[in-house]
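Single-structure report; data block below.
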Amino acid sequence: MSEMNKAKLSGKTTIREIFETATEFEKVAHRFYTALIPNVSKDIRWLVEELAEEELEHVDLFTKLAKDPAVEAVMVAEIARPVADGKFSDCVQTPDLGPNPDDQAVLQYALMRESAAMDQYTELAESTPVGPLKDAFVFLANEETKHKAELEKIYYEVVHSGGV
Amino acid sequence: MFNFKPDRTQYPAADADGKLEIDLETGKYLKLWQGPNHPGITGNMSVELTVCGDEVVEGKTHVGYLHRGFEKLMERRTFIQVFPIVCRVCVPEPDFNEYCYAAAVEDLAGIEVPEYATWMRTLILEMGRFNSYMMFLGGIGGALGLGITGQWMTYVRDLMLDRFEELTGARIYHMFILPGGVRGHLPEGFEARMEEVLSTAERYLDDIDKVMFSNSVFKTRTKGVGVIDPKLFEPYGVTGPNARAGGVAKDLRKDSPYLVYDQLDFEVATATDSDIFARATVRRGDVQTSIDLIRQILRKMPKDGPAMARIPNVLHWKIPRGETYIKGECSRGEYGYYLVTDGTGYPRRINVRGPSYTHAMALLEHLIPGTNISDVAALMVSLHTYPPEIER
Amino acid sequence: MKDVDDKFLKNIETEFPLREELRPRRVTTPDGQEIEIEPLKDYFCEAAPKVHPKAYIPIVEDFYNWARANSLWILGFGTGCGAIEMRPLMTPRFDAYRYGIQWRPTPRQANLLMISGYLSVKTLKRAIRAYEQMQGPKYVVGLGSCTINGGMYWDSYNTIKRLDQYLPVDLYIAGCMPRPEALLAGFMELKKLIKAGKGEGANKYAENFATYKANQKSVIKDWDMPDYNW
Amino acid sequence: MEMRHLHALLKQRHSLGQLEPKGGKLAFVTVPRENLRGLLTELRDVHGFTHLVLLTAVDWMEDGLFQLTYMLNNRGRDMTLGIRVMLDRQEAQGDSIHDLWPTAATYQRELKEMFGIDFPGSPRIDEEFILEGWTDLPPYRRDFDSLAYSQQTYAERPGRVTHDPREYMKSKLYPDGV
Amino acid sequence: MGLREVLTPFTVWKHVFDEPVTIKNPIGRPAADRYRGFHQNDMASCIGCGTCEAICQNAAIDMVPVDGIETRTGDSGLRPQIDYGRCCWCALCVDVCMTGSLTMSNEYTWVDTDPDAFRFVPGLEEPWKDDEEGYEREGKRVLSGIERIHMEEMPPETRISNFEEIVDGYSRAEAILEADRCVECGLCVATCPAHMSIPDYIAAVRDQDYDRGLEILYETNPFSEVCGRVCTHKCETSCAALHEGDPIAIRWLKRHIVDEVPFDRRLELIGKPAAPTGRKVAIIGAGPAGLTAAFDLARAGHGVVVFEALSHAGGMMRYGIPEYRLPYEALDRDIGVIEAMGVEIRTNCRVGRDVTMDALRRDYDSVILAIGLNMGRSTRVPGTEGPGVEKAVDLLRRITDGEEVPVPERLVVIGGGNVAMDIARSMARLQMQKYGRVGVTLTALEDIDHFLADREEIVESREEGVQIFDARGPQEVVRDESGAVTGLRTWRVKSIFDADGRFAPAYDEGDEQIHEGTMVIEAIGQMADTSLLEEALTEALEWNRGRIRIDGAFRTSEPWLFAAGDAVKGPDVINAVADGHRVARTVMDELAAREVMQ
């Protein structure tokens, strides 16, 4: 997520708008991974496919929430269980994906994206006064953190697998 | 060589293979079976009596009612699996089997038993001997119609069984002495509870002296009855109290000390008359010895220490080829296990040498002719035989 | 299946002939008469046991059962090792007499046969005789593992494995051997059974007499007694 | 030492085999059948071995032999001597010593019944002793299989099933063996 | 007869006033604390090993399945059922119980009219289930050995300066004693990936019948000499003996058998392969999976050619495992037996370079892919690019090949698995030879309890002077201005797994450390080099999360291609051996099926 994205979000005034924008970001990510699929070797295609799939799930979730009248309640309930980031940073790199990236590179890239998104939502939340908007950012930061944690698990399995 | 044949001048002569020419159809003689239906301590064996009036002309012993084929079963079991079944060989005094078997296995396998275990074994054996004598003293009175001795002695024996129970975990078949050592240590406060039993026993024995040994009826019925000529002891393999009643002061605890008997002070009881009364008095003396020994052992035995030696994994314990004979002085005489191994995980042969084998068969058959029917039971009891160890 | 060396196989007919005194023969009585006797038939009744019918009026039967339950007279026949735990019951410490239980020296006076553990074939023969001589209604109690499924003599060539094949067993008491207290508990249970009219062992024996006899004869090779001795 | 001394003394006369001591007070020795009687008599009458502890047999089926063990004991000196006599297992026959020790008759009756070893002349040798109505092989012989006989003759209570842990785990975890 | 004798007996009438000794209510009188009453079994700690059944001389115990108890590693799922028509209450089953789960209550009353009722599974519903009193054995079990027989090893100060084998191996006497401890329950067989007949070959050691032992080994494992040294011995984690004492040293006993049989005798015992079938199979990769498959196939008479890219056969067994753990001669002997079956091993022949997959497909009836995981993973933290950072597998390979490798005075290893230990200890030896002292630091993400390395590897590493820093997350390889490596910066890992045991690391940024060293060796994981498949085949094959998809019988989606070993499963020699057998069996079945079709 770039500074530009951040600027886009900080201008929003309703929860619905925030979710719609966030949905847009997820859609962009989904398109990115989908485009990457044919570029990677077949043996690691499952990984990119999974990433695309998960972005799509976020799209669905956010779209649904944006329409949900009880969105605030849902969010409050969700953020009552804050997700802590473990800062598993050895894999949060920004590798040059190049034309034919390997599995580790893809994972690290994805982790970087999630990590950056998480950071930005967190920052936005901190700079927003208490209220539904802040809750929305905290919620989003939470979601990205969860997502990152899932990726970390895959990363450990893939990269540290042979560590016998 | 010896003249062991009883006086048969008044009765028909026996032919070459020992059969009497008695024609039951003359009406002069009657065949009478004593046992096996018999609840007394002579147990499940029978004597086929031929009587003329109330006098017994001939007695043939019949055993095998309790035959379970132990010596065969032991060959089918591994060395540890034999351990639970040996005690069943002799019901009233099972511990001797456990000791002899364990010692035989240890001898052939070259296992050194910890000191604590040898003391414990001695204790168990003396407790077992005490119980066995309780059965005898109760039985000998019972056989002569003196019911109270049986009542008292069974009660005292039961108190001792309580001690057995708390020490070994069982009343009758203790299964406590196993190859390599014993299964446990003395429970807390055991000595005091044992002392209580022993002093109770002494009190009751005192009464037994009054009610039985000083009883003129008992004396009359037993003195001079069932006399075994000491000359017969060797040829008939008479050992233990039966021999001691005839003045032969032999006791393996003294003559061939095993376990810790060489560290204990005791005298063996003897008598000279070799009749039923003498045999009863010897046992009366022996009970006192046992009581003293139990006290001594509890005083002298180490307070703690390992109960078991390190033994090979019992599931596939093989013992090199060899043979040995382990003996000890049980309440009835020399008890021994003859163990032959052949290098496999199973005994090649185990032979149990129980004193009843010699006492209750050939010897009894020799003693019976000429006695009164009513004395046969007392005679059998006085030899103190346990049928299960005859036929095993 | 095991191999059998024929050399040692004995023919039952020739090797175990009926004992001389049991054979039919002519004898001279003490008063000089010559008579034919056939001991197995003359001394015993050939009639097979019969089922003992219940009393016509239930309350009478209940009364009978109550009476039966309260006079268990045990035949003093120690058939195996468990007999040693019966002695304490006969003496004051456990005192079974207070429960109406006592020991009798002859089968004619007893109605309860305790099979105290394993039964060698040789003793089985005597136990059957003793049981059949007892007066009905009579009961059998099996002590310990051996009567249930062979116990520790499960591979012995000389002991039976299941008592219920040879005698009608009313009750089993587990243990090796059962303690006097367990025996007493067993007696109390037996009393309950009898009171409830369920102590039907003797009738079962009568009903299935042929089966019991066949089982008995399959292990007692030298059968030299009448089929039913009462 | 004493045992060795005794062995040296008797060795030539009775063609004794090697002495096999077990500790100081027990030893075993083998003697040919024809020398047995002489040896036993001398041990009893001269050397104080007056106590016949036991007489039994060991079946060495693989070698075609029965071993008779006569355990003699000198009670005064606490010495026990196990005398072994090897008999041919076929038509096994021993020599009765019931006239030396009357009690031996009982042992010999048992050996006849349980091993099928005959002792001609021994009292009541052919009478049934422990068994009654026995029709099979003498049960203490090694070729008699107690369990098989028991299963053939007596009915076990049915309904018991057991599982071998190893095979059971295989059937549960890797049924096709891989 | 005096008057006295007549009167004395009457004096005992004084007892008429005594308190009666009768017990008021004897029924149910509590038995002594140690009384051996009815059985109890702690279902949770029982492992169903059946030792109780084995020792019962009355055949009173059956092992039966019980509802709610699952069969799993180290637990057969069976539980003892006791027949009180057989039991004699000797409690040998209690004494021999491997876990101490079987005990006895002091309950003794059980009366029933039904003789079939006296059977029960203790620990289910019996009324005395929770009774505290009753017989328990004193202390630990004494009927089978508790402690493992000590294995002699070279002391650290001797072994650190060379690559000689550390472990001495058991002497015959020691092996017999150790083998004696085994109770032959067979729980280990299911755990062993190759399902070796462990109790049987341990019995062979006990009987000193090494020929039989070797034959048993070769039924399931042609790499017994290798496995006898370096197997991860998962079997020992399911050994019944470990519940009260040490597990049986299964691995060392296996090694002992092979040690006792001379090589020529081994060849004799294995015998000759079956008559040639005329079928040919190509195997790619001469590692444990490939060679095991080769052995099985060759023994069955098939022509087998193994293609190996490196100069020697053995794969990771040779290039991954250092000599001090597995001497090359030992490996050579195992491979020698396989070659004696007629297997042709073409070394220095890389598929994709020297021969194409297409050619193999054309020239052989089947092709087995057993390429293993031979490429090291990198953490790719900043600074890992460039000189001074090495991958463990590459270094180990070079050491094995006898190449000169850079040996700095201080170095840092990243990783907590066996490979990390191997490289750390190998480099320590080289440092010792070069500088006379060891300067190896080992860091790993996992805390020491979660290290994937074998316990003894960790212990021995420490003995040899390797400094282990556990729970350190690498952040950066620190380099000076010239770009030369000066160390590794790490953060402390607060926790690495969540409650479910899944990876969920948490770092403590405040706890930063720089581990000095002029070289960083990464030993975090390996991956397969599947480039030999080339694009078309890669596209044609089905994949499963980065690995070639295989079915239960090791078939890939291409009918002529099979895959086995670390590349498709994981991750040690014994698993690879197991895979080798299985894939060989599939290939043989397929070949036979094709035979029938034609």
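Read from first to last, the chains carry the letters A, B, C, D and E; within each, the first residue is number 1.
One rule holds for everything that comes next: contacts are C-beta pairs under 8 Å (C-beta built on N, C-alpha and C of every residue); 3 or more make two chains touch, one makes a residue touch a chain.
Because the structure is a prediction, the values reported are computed rather than measured.
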Neighbouring chains common to chain C and chain E, by label: B, D
Pieces of the assembly after leaving out chain E, positions unchanged: A | B, C, D
Furthest chain, CA centroid comparison against chain C: A
Chain whose Cα centroid lies nearest the overall Cα centroid: E
Label of the chain whose CA centroid is most distant from the centroid of chain D: A
Inter-centroid spacing, chain C versus chain A (mean Cα positions, whole Å): 87
Cα-centroid distance, chain C relative to chain D, in whole angstrom: 36
Between chain B and chain C, centroid-to-centroid distance (C-alpha), Å: 29
Between chain E and chain D, distance of the C-alpha-averaged centres to the nearest whole Å: 49
Residues of chain E whose C-beta touches two or more other chains: 21, 31, 57, 83, 85, 88-89, 115
Touching two or more other chains - residue numbers and ranges from chain C: 92-93, 122, 148-150, 152, 154-159, 162, 176, 179
Numbers and ranges of chain D residues touching at least 2 other chains: 131-132, 139, 144, 146-147, 157
All chain pairs that touch each other: A-E, B-C, B-D, B-E, C-D, C-E, D-E
Chain E-touching residues of chain B, taken from the complex the two chains share: 77-78, 80-85, 148, 155, 162, 165-170, 173, 175, 180, 183-185, 187, 207, 210-212, 214-216, 219-220, 307-308, 310-316
In the complex with chain C, residue positions of chain D that touch it: 116, 131-139, 143-150, 152-157
Residues of chain E defined as touching chain C within the complex: 20-23, 26-29, 31, 38, 57-60, 83-89, 108-115, 118
Contact set on chain D toward chain E in their complex: 157, 159-166, 168-170, 172-174, 177-178
Of chain A, residues touching chain E in the complex: 41-47, 84, 86-91, 93, 95, 103-105, 108, 149, 152-153, 156-164
